[in-house]
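The following pair of complexes shares a single chain, subunit A, combined with subunit B in the former and subunit C in the latter.
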Partner chain A sequence: MDFPIFHLDLLGNRGLIAIIAILHVLINHGLAVGMMPLVAAMEWYGHKKQDARWDQLAYKILFVCFLITTTVGALTGVGIWLSVSLVNPYSIASLIRVFFWGWFIEWLVFITEVVLIVAYTLTWKKWSTGTAKVRHIKLGFALGFFSWVTMAIIVSILGFMMDPGNWLTDRSLLVGFTNPMYLPQLAFRTPLALMEAGVIAMFLTLCFTRKDPELRTNAIRAAGLWIMIFAPLMLVGGWWYYSKVPEAMAANLSVGLLTLQFTEWHDLLIKVIVGSLALILIVAQFAIYRPNRVPRWLPLVPLAAIIWMTGHFERVREFVRKPYVIGRYMYANGIRVDDYPLLQRDGLLAHATYSTPLTRAEIGKAQPAQIPQLQQGKDVFMIACSRCHTGNGVNSVTGQFRRMMGDGKWDPAAIQAYLANMHDAQPFMPPFPGNQNDLKLLGGYMLHLQANEAPIAGGQSAGVTVNPAYTAEAMKAARSKETAAKEITR
Partner chain B sequence: MYRLARWLGERPYRSIALNVVMLTALLALIGQPQLFLMIGSIMIAVLALAGLRGTLARWRRSRDASHPYELAYLWAPGATAIILAGLGLWLILGAEAGSPSYILGTIFFGFEAWLLVLLGADLRANRAEIVEAR
Partner chain C sequence: MSATPVPVDIPLPLPAPEPVLVAVLVGFFIMHIAFVNFMVGGTFLTLWYELKGLKERRYDKLAYAISSTITANKSIAVVLGVGPLLAINTLYTVYFYTANALTGFAWISIIPLVITAFLLTYAHKYFWHRMDNAKGLHLALITFASLIFLFVPLIFLTNITLMLYPDKWAGVHGFFSALTLPFIWPRYAHFLLACPAMTGLLMVWLFRRGSDEDIAATGFERAELLRKGYRWALWPTVLQFAVGPLALLTLPAVPGSTASVTIVFGISIVVSAIMCLLMFAETRRGGDKIGSSFGAVCTLMAIVILLMGGGRHLYREAAVSEHRELVKERTNEYMREVDAARAATAAQDGGK
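Showing the complex of A and B:
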């Protein structure tokens, strides 16, 4: 609780991260990890057949990827860091401590990847014959390899967040890196990326080969075959991941029971994977059998299926993690499991460095005497709930209570009772981190939110005030008190 | 009717494809998954054998088919079609007649059987090119 709290009350903090992250994953998987080996393979094939048309097509596809990955891809990559650091700085700080060297290596690999893609694109026309061309093709495959390595490192961190495995007892980088979810997830994502690249390449081929039906036929067939080869591997990887998810889920939930909602999602996951895969394979088959009849819109169908599948996959990944952001180590609200006893004894506000002031709109028609309590209620909400919930926007707390208690005036005692026991009723919710007084303040604030739909302002717009216990003067006084106590002891 | 007959006559495989689609539709209408499985399996086996014969002949004739890309191009489409037809039969077997899974399985099966007819026809007509014009 050492950072001011960022909050988006309409979209929700999760929504912000989800939009940026899913866009980044789609670009990273489809246009970098999967596409670079495909482009290099097309270049190699053109060189082997001494057919310049393949070379030109590969260059055009690469150029599109180069533009998107170095602009939107790079921005969303940085955007993930920015948004996650804003929303949950504690989880990022913990992950950096565990994966410091892993991330450092990833950074080096990423820099290499950027240098390689620039070199690969800019030397395409210069290194076009003889040994220079062979060198250029090798450069392309090296780029594909480094793109994959960046993903392979980051996937370990994502797997660690789902289930850290033995890291909780043996806190070493190696144990964290080789967490139980790592390989199944990597085995799923790698063919998914290659398949997505095949679908995008098919679409771009249809755009770039309008004047050359023969090249179009052969290139569409090749893209169809590429998809067909990696689809079964994706199914195997998906099955492996699917079979590991319940173990991670059972380990994460203290009650050890799978919730109904999770069971539904888990069942849906396999249907989504099999259904999407069948759809993708049907398009790939059609492309192989009748390449000259593939309309330009057709690859968009499997692309939509892949986007849907990726989105669903990420959603299940998020759900499995709950109620933690780092399995069994830190709850989704950014509070460490080990810090709970202290906070539940002293209350959240006693350890909160900052307070996020109420705006005039948030105060609304509240009486001046009520404002201090509302302010404290808001601070409890910001610390305990705002990482996942909004006041009245997406995934709002008011929406949840409206579903449970209807539109009439809510009963504060019932709200408090629910908040105190929500983890037992819904194991994917973290236990309430504060004490009885915090519960009371939060219950009162919920009633205020029911009547006042003004958006809750985060620290970025309302500013912050420092908790009187944490001002420079207070800290100085506390320190001198501590020194005096030590002197007396001596 | 005359137009249909002329259209069917233009490509010999069209009559086979039409028969395959009609048989699939008939099996779906009967609504007995066990019967569908039995006759459907025979249908796929016959089409697969015809495709296998053509593929083997093509493989023997083609020198380039030793390269992984050409090998994949030669074998993967037919194998995938057989597997997906099997998936269609599996969906049909585990579902009640008329249910969404049954309909989906029927569509899968019919589509894959149709593709196997195309594959066999392409191989017979020597149109299933392994590599682009050499």
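Showing the complex of A and C:
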């Protein structure tokens, strides 16, 4: 509302964040948090056994991780920030105000982590004997620890978004940091990361040990054992998280609204965890007892299971915090709960600084007389709906209405009635934030979108126009008028 | 001129005293930009020397030595950029996010572009010897990386410049439209010249401390390498005497006073002049003496960068301070209305 509105009408704004964030999570968990202790352990084992082959294998695995984490991993981390600042600047700006010092400390730890990974990789061949080697192994474990700390801090912010707990009454960093979802999430993610690393290490071992069957056998077996160690911990963490989800959900919605859909999602979560874990354990067992018969593609099966599980886990996390983006403070549309009474009284456009102009393609065959109303309809859509929905792309509003009303010409009154009460029928939707006039404008705009499938342009291409009431010029004029009036009264 | 919007700010207090956030922003940004200069300049110099190496083999070795620094510098540059990003998000929320949104496609394209450039620099570095027989392709890797490194700073620069001029926001229709704002280009030229200059000093540092074997491996005398480094540092800096004032003069007039900005930049010109004289003297020195003023040169360069960072902050404040007061006023007014509406709704609900 008070930033120019960025909008992707094909992929959807959430899609942009999802692609970047899921890629980042997979790399961060599997190749950094979980992998660094595993590589250090391999190096330690090689040193203990005085077997240079283990050392070489550990280095090759590290080198792959180094290349990916310092390019795709690091940049997708920044990318989450950039994409969220485009898609939902209100939420990220608010989170930064609350978690500035948390993020700042995380950044310092991140600097340490990067310095350590660069040092660990670049000194591998120099610090190869005697005390230097021991120091190098310690460096590896320190790197693993700092990788975990960065995750431990970020998980707090993710938990906060699901359920801010007592922060709504006591707005301090510590209260926000120790939100109810924090420890269960961390307890789940930590063994998940370690297991994912085990599976990836198994795959890389199969790639790097073709010429050494003995090393391959031992290393595959070791990776299988590594997975077996952390599997039960992941199950415990997963169960803890699973049992806490309804509490967070209940905090966001009244219990009566816990719908069948949520129950299905929730049940599916534990099934996904148990199913994936079973698959991973079968592969791990096979790796332990028949290491020489593990084909190169086999680790890709548990890896796919982990990706699926992580994806579902993140979707449930997203789902739990709905209809909010910050639990009970800000709705997914970026509008604060406290702003609702004002906006529902005056209408969204009365307080909006910017309007996102219609493009020619968006106007299409509309009559000139209809354009002002269409423009207002688009602005209501952009403010109230566009953070999650597109016009005709992924998760489109037209798709939703087509499912409900078919392909015939829609009835604007039915659309308005639905929009006014949709949060009752679908508790994951925020209540409509505007007034009756906004509903009418939006209903008319939906009808236009049914006929015109041109992509809805965001501020990044269409630019913005400014509400004349909220310009510096208008405010200064009002101020001068006020001063003059005071002078006259004197 | 288009109307100047006055939006509502985020109604949560700053998480730290403003001077602390400013110190984080300016201090860490200076560190970040130094490594960005090393990374971008290192890429350009590698390309340049690798091209020269097609005719004279030892330049190829020199290019290899410089290219080895790029990947480490890029990791530090990225990680040091996060802190200033955090601080600018906090201090200039309204301004920064608005500029991001108005140039959104370009802003988000930074991620795939930089990932591509980084992967190219790794491929270029680690396949150097393996691609001895595919030099054209090898050069293509670093050329492509250089082009990306030329483009990405322009996106950042456009954003941090656009954010300072709320009166221009309504006239912008995407990144390329924002590029037509005339004052962006001199600042971009200023940045580009700083890249080889900083990397020149990095070369001096690298080859001053390099072992005799490392130096011999390049096929150059140590003094020759130091002289080359100083030349890269000197001549682009000399050009800055034209570009720097041009960048300053083409900046639009802003509501606040810029007298302090002019003073700070004036001092930086004087310091730069002394630094250039020292570097020029260094390039004239004989084999055993060259490099003896390196500490002094680096200190002067650090002072110049600090002054630049400080001056930029003063200008930023002069540009937005008046507008920020209006934003504060509007936010307070909006919050009063929010509270009144909430109270009215609560009373209504209570009355039912």
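Note that the second predicted complex is superposed on the first by the 477 of 490 C-alpha atoms of A that agree within 3 Å, B and C clash if a C-alpha of one lies under 4 Å from a C-alpha of the other, contacts with A are read in each partner's own complex, and residues count from 1 in each chain.
As a working rule, a residue touches a chain if its C-beta (ideal position, glycine included) is under 8 Å from a C-beta of that chain, and two chains touch if they have at least 3 such contacts.
This is a predicted model, so every value here is computed, not measured.
In the three-chain model built by superposing on subunit A, subunit B fits alongside subunit C with no clash. Of the two partner chains placed by the overlay, only subunit C lies in contact with A:Arg97; subunit B stays clear of it.
By the touch criterion defined above, A:Leu174 lies against neither subunit B nor subunit C after alignment on the C-alpha atoms of chain A.
When the two complexes are overlaid on their common chain A, residue A:Ile488 makes contact with neither subunit B nor subunit C. Of the two partners subunit B and subunit C, more residues of subunit A are touched by C. Of the two partner chains, subunit B is the only one touched by A:Ile288; subunit C is not. In the superposition on chain A, A:Arg221 makes contact with subunit B only, not with subunit C.
Superposition on the common chain places the nearest Cα atoms of subunit B and subunit C 33 Å from each other.
Contact residues on subunit C toward subunit A in their complex (touch as defined above): 2-16, 24, 71-72, 74-76, 78-83, 85-86, 89-90, 93-94, 96-98, 100-105, 107-108, 110-111, 114-115, 118-119, 122, 166-167, 169-175, 177, 323, 326, 329-330, 334, 337-338, 340-342, 344-345.
Residues of subunit B that touch subunit A in their complex: 69, 72-73, 76-77, 80-81, 84, 87, 108, 111-112, 115, 118-119, 122, 131-133. Those residues of subunit A that touch subunit C in the shared complex are 1-6, 16, 20, 67, 70-72, 74-76, 78-79, 81-83, 85-86, 89-90, 92-94, 96-101, 103-104, 107, 110-111, 114-115, 118, 122, 171, 173, 336, 338-339, 341-342, 345-346, 351, 353-354, 458-468, 470-473, 475-476.
Contacts from subunit A toward subunit B in the complex involve residues 45, 49, 214, 217-218, 221-222, 225, 228-229, 231, 274, 278, 281-282, 284-285, 288-290.
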